[in-house]
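What follows is a pair of complexes built around subunit A, which joins subunit B in one and subunit C in the other.
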Partner chain A sequence: MIVLTPLKTFKFPVTAECINPDVFQGKTVAEIAALPVFEGNRQKTLGELFKIEQAEGDNPSITINGDASEVRRIGYGMKTGEIVVNGNAGMHLGEKMAGGRIVVNGNAGQWTGSSMKKGLIEIHGNASDYLASPYRGSTDGMKGGKIVVDGDVGADSGCYLSGGLIKIKGSNTGQFLGYHMSDGTIHVEKNAASRLGANMTGGKIVVSGTVEEMMPTFTIDSVKPKVKIDEAETATGPFYVFLGDLAENGTGKIFASKPNNPNLKAYEKYL
Partner chain B sequence: MTELLIKNGFVFDPLNKVNGEKMDIAVKNGKIVEKVNEHKAKIIDAAGLTVMPGGVDIHTHIAGGEVNTGRMVRPEDHVKDAVRKTALTRSGTGYSIPSTFVTGYRYSQMGYTTVMNPSMAPLEAKHTHEELNDIPLLDKATYPLIGDWWFVLEYLRKGDLEECARHVAWMLQTTKGYAIKIVNPGGLESWGFGRNVHSIDDQVPNFCITPREIMVGLAKVNKMLNLPHTIHLHTNNLGLPGNYTTTLDTMKALESVPSDGKPNMHITHLQFSSFGGDGWGNMRSAAEEISKYINTHSHVTADMGQVIFTDTTTMTADGPFEYTLYQLSGHKWVNSDVETETSGGIIPFHYKKNNAVNATQWSIALELALLIEDPWKIYMTTDHPNGGPFFAYPKIIAWLTSRKARMATLKKCHKKAQKKSLLPSIKRELSLYELAIVTRAGQAKALGLTNKGHLGVGADADIAIYDVNPETTDIARKYKAVRKAFGNAAYTIKDGRVVVKDGEVVQNVDGRTIWLDVQTAEPCRIDEQMKNKFREYWSVDYANYPVYDHYVKVKDPITIQASV
Partner chain C sequence: MSIVQSVTCPICGCLCDDIELTIENNEVVKVKNGCAICEAKFLGYRGHHRIKTPLIRKDGKLVPVSMDEAVHAAAEVLANANYPILYGWSSTSSEAQRIGVELTEEVGGVMDNTAVVCHGPSILGVQEVGIPTCTLGQIRHRADLIIYWGCDPWSAHPRHLERYTSFAEGRFEKSEWKAYMQKLKAQAGKKKVQSATRSGLIKTQPPRASSCTLPGAPPSALSKRGRKLIVIDVRKSMSAEMADFFIQVEPNKDYELMQAIRVLIKDGELDVDKVAGVPVEYLKEVADALVNCEFGVIFFGMGLTQTAGKFRNIEVAISLVRDLNMRTKFLIMPMRGHFNVTGANVVSAWQSGYPYGVDFSLGYPRYNPGETTCMDVLIKDEHDATLVIAADPGANFPKKAVQNMVKHPLIVIDPHMNATAMLGDIVFPAAFVGIEVEGTAYRMDHVPLPLKKVVEPPEGIYSDEEILRRILEEVRIIKKQKAQQKVEAT
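Now for the complex of A and B:
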């Protein structure tokens, strides 16, 4: 196990895609310290910015102790192993991740799990905007794996989702959750903000709390007592089931809790 | 200025008929000279290396309004290819639409020294020149879009060719352009009304003129003005199945313009104009028909428009064609109508091996390049970035010089495309001499750039040296080594200065901007009526329209005496 401790509070963003179990694998502490990173526009080595120590045990493979909220691209494209961040993590955490596990005991920055394919990301604090969303302009969304956020998430999360599961346990989400998603599942255990599922063409969003606003381009389909989240879990309702986004000829489904959304009762007359 | 002596390289200089001879090249004051003082000159030991004139690219979209709009709509294209600054070079972004500086560096790293930006809406000329100024290490020029320019259409309808010629001369001077660019003649004007033309004899709305009359008229104008390049033509019906008949009609129509055995038209990105079949389902290659015509006629030159299997961005003044692509892909797209001048469209496009149409397109371009027997008639381009980014050129070089390389790629293509491809039956492999023609000498000749594309005394000292030993390397077999060598020039020399060594930029120099200063006996008629039109129909007034000399950083005008 490698333990990284920031040597200072970073003033400039540090781009460190080398903080990745696959890259550290088989390297000595000295070799890891020599890996290139960027601090702002200056090239540095990992050892210049972090104290690097070898610790007992194999799991987790990498632990970061301290504030890494300016450290970007941790676990970029990682396939195996585990990273634990005891503190906040910066932007693009676990981008293009293809396996393994990342645990953040703090908050995560924007684009966490962007375009990920496989693996597990657990965030015990809040996640910022663009959780699991692709880079601006790209349609290459999250394809698989699982992201669990104990806190809130920011705006434009789960955009272009095409597989996998996002679980949000906090009491709020940002707007445009699941924008243009085509497959996969988003489970909001509490409340969801407006523009939910805009442009979605497939997949499902399950909201167990309140839905701030249902877009007019969604139509009510049925009422279901429960819905499957994944192999291990089922959410109990009952739920109003909405189909959409009709502006995209979409067949996505939004499950909105019936007891928590009395404002949606008006839709019942169309059933 | 320093003197330079390149010793013992294998020199390929087709314009001077030098085919791989071991010889020295002497450089003084940025020009090739007979000899230099060996004790004073800087010596470059090129023993075992291939020496060629600097590369010339006849058609690559690197600057201007549509390129810049393309950059804006594709942040995801840049993020995958971010380029850090170094002590010498500036930062930037790449992939299919690189930033200006990165464009310069990457071309130079491949040994290119002269590039032509082929599509400039006259209204966007100032913007285009500002971007060209920012592209280092390369000489460049740009072609204004004249084929759908209102005044030209009116003069041609009236049959007033002389006045039309004077007007075109004024346009070239005003926009600091190099050649007459015609895109989907008549179609762009129609696109302003949501329509298109579908054959060269369709009427253009409101102008009572046909694409045939536009092309033939401008080819005659081109001749009257003695322009160094021919008309640079993007054909009607481009990119549609079965369009090869339109292309053949176009070439036949231009036979009527006397050419004395010399070319009078250049069809650009010919691949996109050589589709057979009558729908996307049975779209096939018409390279055989097209190459047969070009082999038996001397008035046509063309460039390939090779497709590269990658994620790229298509951009053209051909708005209706981009609309077709949008309907096919459903991707985000940009559509524009540049006032009275032209239209435009941009759409990201991913060419895939496992798509029958894309794989056939890939095959068509190579078939054309190999079936057209005379390499002086067809040049290597990707129509950057429409077919693929220009820094994929080393791949095309490998496909052209090695049957093994292209068969290896063909094997991975869609089964349907493999079955239809003519490539298995083509044995031809280009030699380094022929390669020098299709990548520099032929292009320079077609452009009429007398100081470029060769290493004779008096030529600009633009030289590329590649790590390929023609005596010991069988380029047809060692295609991976060839690809690497042509992607990372051992040396690129621009105006007698070493700018790239071993694929790395080692010196920054500004390239020149070339344009034509066409002298007509009488000046172009600029009357109140014309200025009024500008006031009524253009968003820019006549007085603010021209690109003044101070807009161009390093000026290199070529003066031409017209015969009108």
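Now for the complex of A and C:
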């Protein structure tokens, strides 16, 4: 196991896609310390920015102790192993991840789990905007794996989702959750902001709390007592089931808790 | 006295190129054809706010220095910076912008233009779904349905209606100017009748359909012959006054409105009675008008790009246009503000591949608004030097961004002593592009137009291009010296 401790509070953005169990695999501490990173526009080595120690045990493969909120691209494209960040993590954490596990005991930056294919990301604080959403202009969203956020998430999370599961336990989400998603599941345990599931063509969003506002382009389908989240879990309702987004001829489903959303009662006349 | 014709106006994205200037003793004395803003610039650019010499802050005060000293000081700051920002670019020539990209690459910084607080979201929207657009000439000659969404051209682009849309005499579509004047006369007459009724001169007044504003808009406004003008805004702006149909949308609800129209033009049904405060039955009228036009165009402004939803608003607007193109011909265009902000995007994209918010810190251009725009960097205080050219972030940026900007060395290149220049550490006076120096600017429809030099700049004042070129040369010299020192040390 490798333990990384930042040697200072970073002012400039640090681009360190080498912090990845696949890259560290089979390397000595000296070799790891010589890996190239960027701090602002200066190329440096990992050893110049972090204290690097070898600890006993294999799990987790990498531990970062300290504030890494300016450290970007941790675990970029990782396939195996585990990263634990005891502090905040920077942008693009676990981008294009294809396996393994990342645990953040703090907040995570934007584009966490962007375009991930497999694996597990656990965030015990808040996640920022664009959680699991692809880079600008791309429609290549999260395809598989699981993201669990204990806190809130920012705007535009789960865009172009085409597989996998996002669980949000915090009390708020940003706008445009599940924008243009085509498959996969988003479970919001508490409240969801407006423009939920805008332009979605498939998949499902389950909101156990309140929905701030339903898009006018969703049509009510039925009321269901419960809904399956994944193999192990079922959310109990009853839920209003909405179909949409009609603007995209979509057949995505939004499950909105019936007892928590009395404002949606007006839709019942169409049932 | 001399008269210069066909001058391009360096104010807004309309780039009107029919301005006629009268020059006397190296000074503009008369402006013909221009709007009020155009006249104000051509007649007022020599105000007392003009910076006369390069300035450097010493002991808290800006003191005059020589050009060489200022250039060396600026180059020293940029060459040693770990993450500098080079911001502005929208009110200068494309020639200067080109050198700006070269300079940013040389110092490994972030190059950003004013689109970041303006039409940046439009660019993001375009990158998501593409854009069906055209030149303004096409619209002038052919468009029979014009929509202004979240913008007020009568106030911000005063000659836009007159030169390119409703009030322009096109080859296939006639000007609506006369009809508008008649409408004004009719309204004045109506007011007289109302006033006479109030004062008791007329006993009864026959009931009439109300004007074109909602609620109570008559569908006839949309079935009239000739060019139709629809304005969609949160308030009844100056442009809305002259529209055939005005839709007052609830603030921050444009996204819902557009999505609803997208469903209606596909003959879909909605489960709600009102969208964004507008009854669905009126939206159906609008959807009919959109589908039944022969050549429609949507112009949009900050009302879409900087309200809730931001680039998603633009994305859905373009998607609406895409859907409309299944039924008729429809196009969309952003109402760009600064006269060469389009050029800043074009030059940046042509040089680096990305239109704004380009980060050269890793040695190659990267682009990710949210991470690499000057606003992201300033708010998080990640930078260590700033160069501002042809913009005034000191007056417009959020407080926190300005506070962080002035923590580190600030280089300003501007003709005027504006708010940013007052906060600056190294200040360069620049000549006015389009008045004192020539150059190229891009109109809002991406048509490049030449800017003319009509008067000589004051003595000792150089163009943006020249100042940047000298800073770039000096940066290269400093970097070379540093590299040599490093070799000698090892």
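The rule is short, and it goes like this: the second predicted complex is superposed on the first by the 271 of 271 C-alpha atoms of A that agree within 3 Å, B and C clash if a C-alpha of one lies under 4 Å from a C-alpha of the other, contacts with A are read in each partner's own complex, and residues count from 1 in each chain.
As a working rule, contacts are C-beta pairs under 8 Å (C-beta built on N, C-alpha and C of every residue); 3 or more make two chains touch, one makes a residue touch a chain.
Because the structure is a prediction, the values reported are computed rather than measured.
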- Task: Return first, second, both or neither, reflecting whether A:Gly137 touches subunit B, subunit C, both chains, or no partner chain.
- Result: both
- Message: Contact-wise, after the overlay, does A:Arg195 reach subunit B, subunit C, both or neither (first, second, both, neither)?
- Response: second
- Count the residues of subunit A touched by subunit B and by subunit C, then name the partner with the higher count. C
- Message: Which partner chains sit in contact with A:Glu70 here, subunit B, subunit C, both or neither? Use first/second/both/neither.
- Response: second
- Item | Contacts of A:Gly26 with subunit B and subunit C, given as first, second, both or neither | neither
- Task: Name the contact category of A:Glu39: first (subunit B only), second (subunit C only), both, or neither.
- Result: second
- Item | subunit A positions touched by subunit B in one structure and by subunit C in the second | 38, 41, 135-137
- subunit B partner contacts - residues on subunit A that touch it in the complex: 38, 41, 43, 134-138, 140
- Over in the complex, which subunit C residues touch subunit A? Could you list them? 81-83, 107-109, 124, 127-128, 255-256, 259-260, 262-263, 266, 268-272, 275, 308-309, 312, 316, 319, 360-363, 367-371, 381-382, 384
- Task: In the complex, go through subunit A and note every residue touching subunit C.
- Result: 11-13, 15, 38-42, 70, 72, 91, 110-111, 129-130, 135-137, 156, 175-176, 179, 195, 198-199, 215-220, 245-247, 249, 267, 270
- Residues on subunit B engaged by subunit A in the complex (per definition of touch): 73-77, 79, 84-85, 91
